[in-house]
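Since the structure comes first, as structure tokens, the remarks are kept for the end.
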Amino acid sequence: MVIVMRAEATGNDLAALQAAIEELGMQVHVSRGEERTIVGLIGDKRNVEGFPFTSFSGVESVVHVTHPFKLASRDFHPEPTVVDVGGVKIGGGNLVVMAGPCSVETRDQLLESAHAVKAAGAQILRGGAFKPRTSPYAFNGLGVEGLKLLAEAREATGLKVVTELMDLEHLDVVAEYTDIIQIGARNMQNFPLLRELGKIQKPIMLKRGLSATIEEWLMAAEYILSGGNSDVILCERGIRTFETATRNTLDLNAVPVVKRLSHLPVIVDPSHGTGVASYVPAMSRAGVAAGADGLMIEVHPNPAKALSDGAQSLNVPQFQSLMGEIQALSNALGLRLEERETETVSP
Amino acid sequence: MVIVMRAEATGNDLAALQAAIEELGMQVHVSRGEERTIVGLIGDKRNVEGFPFTSFSGVESVVHVTHPFKLASRDFHPEPTVVDVGGVKIGGGNLVVMAGPCSVETRDQLLESAHAVKAAGAQILRGGAFKPRTSPYAFNGLGVEGLKLLAEAREATGLKVVTELMDLEHLDVVAEYTDIIQIGARNMQNFPLLRELGKIQKPIMLKRGLSATIEEWLMAAEYILSGGNSDVILCERGIRTFETATRNTLDLNAVPVVKRLSHLPVIVDPSHGTGVASYVPAMSRAGVAAGADGLMIEVHPNPAKALSDGAQSLNVPQFQSLMGEIQALSNALGLRLEERETETVSP
Amino acid sequence: MVIVMRAEATGNDLAALQAAIEELGMQVHVSRGEERTIVGLIGDKRNVEGFPFTSFSGVESVVHVTHPFKLASRDFHPEPTVVDVGGVKIGGGNLVVMAGPCSVETRDQLLESAHAVKAAGAQILRGGAFKPRTSPYAFNGLGVEGLKLLAEAREATGLKVVTELMDLEHLDVVAEYTDIIQIGARNMQNFPLLRELGKIQKPIMLKRGLSATIEEWLMAAEYILSGGNSDVILCERGIRTFETATRNTLDLNAVPVVKRLSHLPVIVDPSHGTGVASYVPAMSRAGVAAGADGLMIEVHPNPAKALSDGAQSLNVPQFQSLMGEIQALSNALGLRLEERETETVSP
Amino acid sequence: MVIVMRAEATGNDLAALQAAIEELGMQVHVSRGEERTIVGLIGDKRNVEGFPFTSFSGVESVVHVTHPFKLASRDFHPEPTVVDVGGVKIGGGNLVVMAGPCSVETRDQLLESAHAVKAAGAQILRGGAFKPRTSPYAFNGLGVEGLKLLAEAREATGLKVVTELMDLEHLDVVAEYTDIIQIGARNMQNFPLLRELGKIQKPIMLKRGLSATIEEWLMAAEYILSGGNSDVILCERGIRTFETATRNTLDLNAVPVVKRLSHLPVIVDPSHGTGVASYVPAMSRAGVAAGADGLMIEVHPNPAKALSDGAQSLNVPQFQSLMGEIQALSNALGLRLEERETETVSP
């Protein structure tokens, strides 16, 4: 951390600042430039987290020279993390496809979806039982009944399951039925929830918030990691910008940035990242080519009948076609489309 | 709601769409333009909330011609809502100032702050007991102990109290100690929390999310209103944009927009809206002049010692000076700086 | 400027960087922290403008600790600049109102507007002769004929005139007819144009670009100032964000930020900043209360007949009413609504 | 176009609006819903471009149901445009790589770059002779001298040349030396310049503005097309968002969106789209996979000595390696990496 003094700061200003820094257990390193004096802080910067240096007389600004995350950082963990979801490995050169309907609607709809996405090569089934909806009047999911249907679909197909958790109250029941707990964009900075997720041993897929910087996203991961749960998967699902031609702006730059800063695997969600089914294949391909460890894609047997997000869902033939393209890309890029370790197909 | 057909849509496409709309209990009104056919839907549009019209063959886009909120709308409630907080009225031409430290830190710090802001003309004391922090390593509040100190400060000064609730788990205890429950920007779309807030009878101050449109903000208010709690106060606290000279971009446009679309009172928070203490007076004045029903301002007896948000906190003399300016503005604009109904000064 | 080295940088990396910096005529100051080594550069940083330090082995990032502008900075020019427009003073505690139609359309329309805004208290007449339009099919102004009408209106009323220049080709003719040359948001970084404006002696009003940071805006002013023209007036007219309820997001934070960083006067344009006539009065008041040196407001005798921007134009009675509010605010804030020095009313 | 009336609009309001629409030569189609009456306009909407309907009594909002561009639209030109640059074809399933230094600096630097990028498989040489720079103190290009060096490099290698035009003054000289005229992001809405580009017969590469919507970008293309020049190539180079980890946010969603809305070819520029050399390969691959018709990549023989944009330039071995990956991707996706028609290698 570097503190920049104003041009007109006095010697007393500097002395008072130095004293405060040393009181926090840090060393000080002063550098006088032609226009500005800058003060470097040496020591464990967690000592000074949130300290209001800019309230001191003569201080112009505070500049952070290192990232605030530690456990999520490649500096401290150079090797990529591989999250093992009951034998399906996420990260480390594998390419994992998660697919299924936005919401679990009925037993038939879910089982039909599950069989179809598995046949096309997906390893993980997605489906929402608890749905965050902008309107209080919209369908908000089947709840625990939906979780049970997901578990039934897992039994029937051998797919692993990912589903969203929206509040602490349902943590136990969601953890009971799912293989990966998804935390949605709107909960990325739900700090009480993140703290509890650090205390369990279950993979967490943490979606990026609509207006979260990559640094804030990694800090949200740090909450979970610092609690003791090291199985965190990131998911880029688009950010909010001025562009209105798409529902969100899928920020694929985030893929190489995360790969450089962190060891955690990162998944791309082109369904929310575009909001339009016809753009999903292009952006699925782009996500893989950018280096993502996997894709999360909404697939519905009949999008025109979907109770949520029908506009961005692929139908089954579209998904099959896309999986063929992904296979070709994966070969060209030297990735492994993960093979399931145990082939537990129900009769 | 209007559905726009593609140029190449066929008669069959149109017929299939019409049938689906009528099945949802709506009437259809078709209008053929030179380039596009458009289909108007007539009826209660909550029938078609989230229905995937764009998945139908031949559909280009769906255009919403009315806002999705009802209870928050001026159309259905033309008179401004006045929220009565134990005699302090928010809305309807009053100007209310909420002030106090970012976090409750110690008994002395809080009581000193409370006496100072009351003397300067504030009616409501702010102070965080549960603090959302980007970093898991930062100070995150005194919890219930902080709530008790707030209640003690209320006793000592006669000020009303506003404090943040972060999760359902603490709803009862926060509701017990505070006069207004604040929902922070990061929880604006915490839908399970919003639903529960609709079931209690306690004023809620709902901060706008960092990347929430005004429409989404009003939809979040609709969650609370639709549960039966009509005492919702909005708070503009800055949105996230590309500008980095300030912590957030305070969107004062939101004040007249909210006044036009809704009957709910709106407060401006220039402390979070700028992130820099020296910009707070200018933006406090601007908020009042834009038509806000009140201000929420961070004040600390010694900002350089604050455990959070010191950089954006005014000290007591700065706050006193600002309140003089606010008084002059308020007179010029014909507003009432609310007088307290009962003068309960502790000995 | 401070250069941050990667954790894994070697002694050779550091030596190579130091040599390169010294070759550029700068001194080096190395500071070794616990996690990172940082390298301070001492000397005139214009020596290293744009130098690709991040291409050096071992370099993680470059951090700027001072602003890149000099002539626009308060550090080098502590007193506020007052621009004298033929006796009308902009800056230094005066409050100037510029008003008139978006476009000059006809002689009658312009003269009627001019007399009306003068009677209501405006000192400067606005009106576009060259109009930037998103569509090639829209009305794009009367050109030189419009400039002549502006000059006629000036004769008739004693108002000063501000109008937009869109390209170098028309610099001479625009400069001949106007008192202030306006540079629109889309030309804020038209660098060849800015360079030429530095060579003339005529006040320039530089609108902020739709996605320009305040620093970039001041750098655009620096282009003009560095050419030798010191009469630069800034104009905040709203930035582009995700919010769609308004045409732009008026960033009033920019007013106190500019006042802190720079000595240049700043005007607020609530017409473009909101895009909706009914929001203009609130945001005009807010702009004044935030500390702006003036307002630029679109006024049309009959907005429903306007050829451009009718939706955001006030009619004459609305403008008169607003000017009454501005007068009251101005008194409350101790501002001077500028009185004209010479009363040159044409017969 | 659809006009939405307020709930409280009267019969007179509606009649006045109808009369005004009919006076503009359009037909009216009224549709009464439960909450709102909506008015459809039938006819050529260029008649009503910019008409201020929201200034009419009783009007709530205006909703556009078709895009404002015609010549750039797929509706009117279903087949993809292929721009022929002296035998190098852009669009229609070819994949073209443009590469070279940010700025032309010296004869040696440019020739070395040109030979290297040609050997690696590029068909078009990029290099700036006129450089837009945020700071007036930064290197701004060699001007006409740079154009001559580009022409010399073309002679020496057989590569085609693309370079930026910044103002009308240099249109003739730039057109003389280059094969494609590049219009930079900051000039995307320089309307006088766009109009002149419509009058010449030379391919134009139009970069997307930093805060331009895709619709505005296509309207800028419409300016050129409507003047009679049909050889327009679009270039996505990143938009401005809140994210600071990268210089811009490369919006690859724009690729499938443009492909759906328009027939014009689109190029991706990952160098400006990320601002960091180490992210360029990932985003080059992603651009190709998203369906772009080509890439524009900054390559410099020695990025650490570059006078501009060194931080985002690849060196030659990095570019060679990337071209191998692009070749593999291109094969997997069934694209043609364009072969030059005539092999004019200089001795």
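First chain written, first letter: the chains are A, B, C and D, and each begins at residue 1.
In this text, a residue touches a chain if its C-beta (ideal position, glycine included) is under 8 Å from a C-beta of that chain, and two chains touch if they have at least 3 such contacts.
The shown structure was predicted, so the numbers you read here are calculated from the model rather than taken from an experiment.
Common neighbours of subunit C and subunit D (chains touching each): A, B. Seen from the C-alpha centroid of subunit D, the farthest chain centroid is that of B. Once the centre of each chain is set as its mean CA position, subunit B and subunit C turn out to be 31 Å apart.
Between the CA-based centres of subunit A and subunit B the separation comes to 27 Å, rounded to the whole angstrom.
Taking the mean of the C-alpha atoms as each chain's centre, subunit B and subunit D sit 40 Å apart. Contact of a single residue of subunit C with at least two other chains is seen at positions 211, 240-242, 244. Taken in their complex, subunit C has these residues touching subunit D: 20, 46, 49-56, 68, 132-140, 166-169, 186-187, 189-195, 209-211, 216, 219, 222-223, 226-227, 240, 276-277, 303-311, 313. Interface residues of subunit A facing subunit C in the complex, by the touch rule stated above, are 2, 4, 7, 29, 31-36, 38, 40-44, 61, 63, 65-66, 75, 240-242, 244.
Contact residues of subunit D toward subunit A in the complex are 211, 213-215, 239, 241-246, 249-257, 259-261, 273-274, 278-279, 282-283, 285-291, 325, 328-329, 331-333.
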